[in-house]
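Two complexes come next, and they have one chain in common, chain A, joined by chain B in the first and chain C in the second.
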Partner chain A sequence: MTAPVAERQREGLHAPTARSWRTLLQPAIILAAGLAWMVYIETSSLDSIESRVLAPGYVATKTWEHVQLTLVSTLLVLAIAVPLGVALSRRWARRAAPVVLAFANIGQSAPAIGVVVLLAVLWGVGFWTAIVALVAYGVLPALRNTMVGLRQVDPSLTDAARGIGMPPVTVLRRVELPLAAPVILAGIRTTLVLMVGTASIASFINGGGLGDLVTTGVTTQRTPVLLTGCVLIALLALLIDWLGGVAARLLAPKGL
Partner chain B sequence: MNFWEYLHSRRELLLFETWQHASMVLQCVLAALILGVALGVAVYRSPRWSALAAGSAGVLFTIPSLALLGLLITPLGLGVAPSVVALTLYALLPIVRNTIVGLAGVDRTLVDAARGIGMSRAATLARVEFPLAWPVILTGVRVAAQLALGIGAIAAYVSGPGLGEQIFSGLGRLGGANSVNMTLAGTLGIVLLALLFDGCFLLVGRLTTPRGIRD
Partner chain C sequence: MTDAETGSSGIEMINVTKRFPGLSAPAVDDVTLTFPGGEIVVLLGPSGSGKTTTMRLINRLEEPTSGKIVVAGRDALSLDPTELRRHIGYVIQDAGLFPHMTVAANIGLVPKMLKWDKQRISDRVDELLDLVDLPPATFRDRYPRALSGGQRQRVGVARALAADPPVLLMDEPFGALDPLTREHLQDSLLALQERLRKTIVFVTHDIDEALKIGDRIAVLDKGSRIAQYGTPQEILLNPADDYVEQFLGGTSAMRLLTFGRVADVPLEQVVSARPGDDAAELRATLREDGRCGVVLEDGDRPRRWITADELTGVTGPVGERGSPTAPPIRAHDTLQRALEALIQVDRDRVPVVSASGAYRGTVTLATVQAAVRGMRDEADA
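Moving on to the complex of A and B:
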């Protein structure tokens, strides 16, 4: 009785293509909501400031900038956090790990806006400062997830792998990383969503993105502009979260 | 002016803003604790309602704070109101989730035993389930407080109170005198508050966890 249920659950977890219409329903709703909002905004009566900022081309540029900020910073975060997390979970680095984790915990309590503004004050404003700030802010949770994921791998499994003669690199590649993958991938998903939110702060330091619509809306007191920015950021966050979920499902090793 | 001189010359303002920040976060987290626990208790017995509550909390969680604060300007205007509402909403999410998880994680046999010796449903909840779930709920409150401290800084953008003002004044004076000092003071102040809050929660956890499940 339980076996088929477990089998079905596993299938549901690893074969999103089998029920693709349901997997695609959520992004379809999100995209439809975004399009409906844009159509509603473009057809409502706008004054000159609003129509300039809400021109479809301009909104599309800002959305694309936001996506760029999110993706570039997430990729950089992964390129730094995953190797660092792997290195810190090696036997020879065991003593450094608690120190780094404690530092990561303290660093994470620094507010995102503080990190972003501090870097801008020190380095000047622009896209790349925003990227550096986003990476600085996002590395810590991703690093912690990698370390936690690798730590919760059953030591008897790594012992067994070493016992059958696997060299340490192979143990890492064939046993530890696949087993830690769900936690690491969940961390990547969290990082992506975190980056969408933090990227909206980038507009304070001329980093571009949809935050520009929010700040323009507030400073010029144009509610439609403000609302468009907020709605699109929220929808983008939901879409990226869905994307992260799909990636986590596709990349997770089968059998877990 | 170096950083120490800055801190010294503005100590009254900085202390006031730190106090405002801490008090805003504390009040919002307390409000969220009451609302969140009430919501969690209301839904935890039904798997479907639990899933709905946790799911909608998750969706709300993905909405960036700047967007939520911006959306709240329209109905609530600028100032304290949108900041408090946004902070309470964000603080609500970890608390609701952890209340549901904590209450669902209580061993069913203990609940059955309590019912078996004649305790009413309310008494079972108050004297058995809630104390056992409390450490998990408190963890949620701790996460909520850390989150609210960080989002509280962005609240200064909608003219909310607190240390965020230092950060935004630093941004407004970009390149000018004291801009680094202001930003640094705001950021480090919030980090210090976060450490302070964490310490308090550790203490509260020690004092309020039932003796039998203390580790």
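Moving on to the complex of A and C:
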């Protein structure tokens, strides 16, 4: 019986490794690095401006704001991009796809910093204006991945699904979306990482987040503050990318 | 045709036309075709002849532009298409199994949509896996990726049969398989059909597959023009036109031989003897007959050919003299098998035995020729 053995080995290669210690090694290293950096900063000699801005409570607040910016904008991006991607991949909407993609392209190619300032002029400063700018910036990758994911589903499978009597909604739910899931999930992961980085610009329009540390560091010429902002943003991006990877593996349907 | 003639599970297409937008020539042009209940009808034609489109009109994966389609006594065009499809099995090339569902989930899809309860679905899945020769314990929880092409297609057939539909549509189901597996699955399908008696519409471009599988064959030309509709023998014996003849490829006599059984043709009888018979007596009989004789041993089994020359000067019993015969062919073998045997031996005849191995007579090339002539005469009459 060689087949089951080969099968088991193959399963082993693809199985979600969430349970193994290796998966948890990466986030542990990221958290340890963040903690080490904070301990190093807090124990080094700081002047009054630095110690005020780098107080653990303040940094924690800014980090939490950053996480909020990232998650809220990502959720909104998904709420817009996934249904839109599904709609645009329907046969009756094929003609509209290039137009919508062109708009999404504009959103992505316009410099985020310009958009955020422009929106602030129009709607005033704050958290939600930053969110709108982030969403405009992040829709394209998620939208494109949803469309590509659905488009690469083998047409003979959707044909078979219709042929055995699935109504169109069921074909979408039981066949097309599960088969497109790996690509869609990859798009979500990309969006998350994109949002972590871009959320830094929220500080320009008083939207909060770790960008505040960076701008404060630059304007007051305090390198430790600037570096702390940069290091934490980078570590947060790595951590969220890891989370996205784990989610993608756990949520992707088995058997693919 | 009336309902009584087609049987309650038959399909009728009446003046059906399908035009695709943007194409001037219709893909299916005014086709009228009756698929009798419980039979396998093969739609045979080259690619582009519209055979697949014709089939897809039946379960309305393509909507006909005009015409009428009756499936199992009901007007297909007045039914809800998804409801209609749940009562028509559908098998495609490469099986079309959903890779993210186990074998059991794939097979249980239609019963689930028909709201069967869990236990009944599970029982049905096991029953169907047994039916297609895949042990349920091994296969029900596997994903399609872990199956061979032939196994996948068996699951595909099981899925199509799940809700016990009266009608089965098969679109080149064995087209992507290797010749050995294909042959094997064709045999399985025929064995299955023996028991189930479904109305099967089978699309293929492979003439040998069509002749083997079909109770009837519709040979299609461009625009689904039905060049000929008849039993395999009728089509081989009397090709309706040049197109059909061309499609058969000029080897129809060879193919015809697969439809004749050795048991159905008059066998040539030669002198038979036993090892204990008197040699001189046998020599005289053989001399008079002019052909060779056959020596039978234990239970009438043909063992050796014997000629008068080999018995010259021998007194007493025949004994072990003579030259061994080729392995005999059986009465239920096809004439094609008989011809194959004749070509391979160095004699001009091969012994024929019954199922129990007892000698029945011999076949020669002349026997085969006479059989083909007989079939043609019968068709012309």
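Keep this in mind: the second predicted complex is superposed on the first by the 233 of 256 C-alpha atoms of A that agree within 3 Å, B and C clash if a C-alpha of one lies under 4 Å from a C-alpha of the other, contacts with A are read in each partner's own complex, and residues count from 1 in each chain.
Here, a residue touches a chain if its C-beta (ideal position, glycine included) is under 8 Å from a C-beta of that chain, and two chains touch if they have at least 3 such contacts.
Note that the structure is a prediction, hence the values are computed from the model and not measured.
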item	value
Touched chain A residues, chain B compared with chain C	B
Contacts of A:I201 with chain B and chain C, given as first, second, both or neither	first
Partner chain in contact with A:L150 - chain B first, chain C second, else both or neither	neither
First (chain B), second (chain C), both or neither touched by A:V175	second
Touched partner set for A:V218, first chain B, second chain C, both or neither	first
Partner chain in contact with A:L226 - chain B first, chain C second, else both or neither	first
Partner chain in contact with A:V115 - chain B first, chain C second, else both or neither	first
Which of chain B and chain C A:A133 touches, first, second, both or neither	neither
Chain C residues touching chain A - in the complex, by the definition given at the top	59, 61, 82-87, 90, 92-94, 96-102, 109-110, 113, 143-146, 159-160, 169
In the complex, chain B residues that touch chain A	59, 62-68, 70-71, 73-74, 146, 149-154, 157-158, 164, 167-168, 170-171, 174-175, 179-180, 183-184, 186-187, 190-191, 194-195, 198
Partner chain C, residues of chain A touching it in the complex	3, 7, 156-157, 159-167, 170, 174-175, 178-179, 253-256
Residues of chain A that touch chain B when the two form their complex	106, 108-115, 117-118, 120-122, 125, 193, 196-198, 200-201, 204-205, 211, 214, 217-218, 223, 226-227, 229-231, 233-234, 237-238, 241
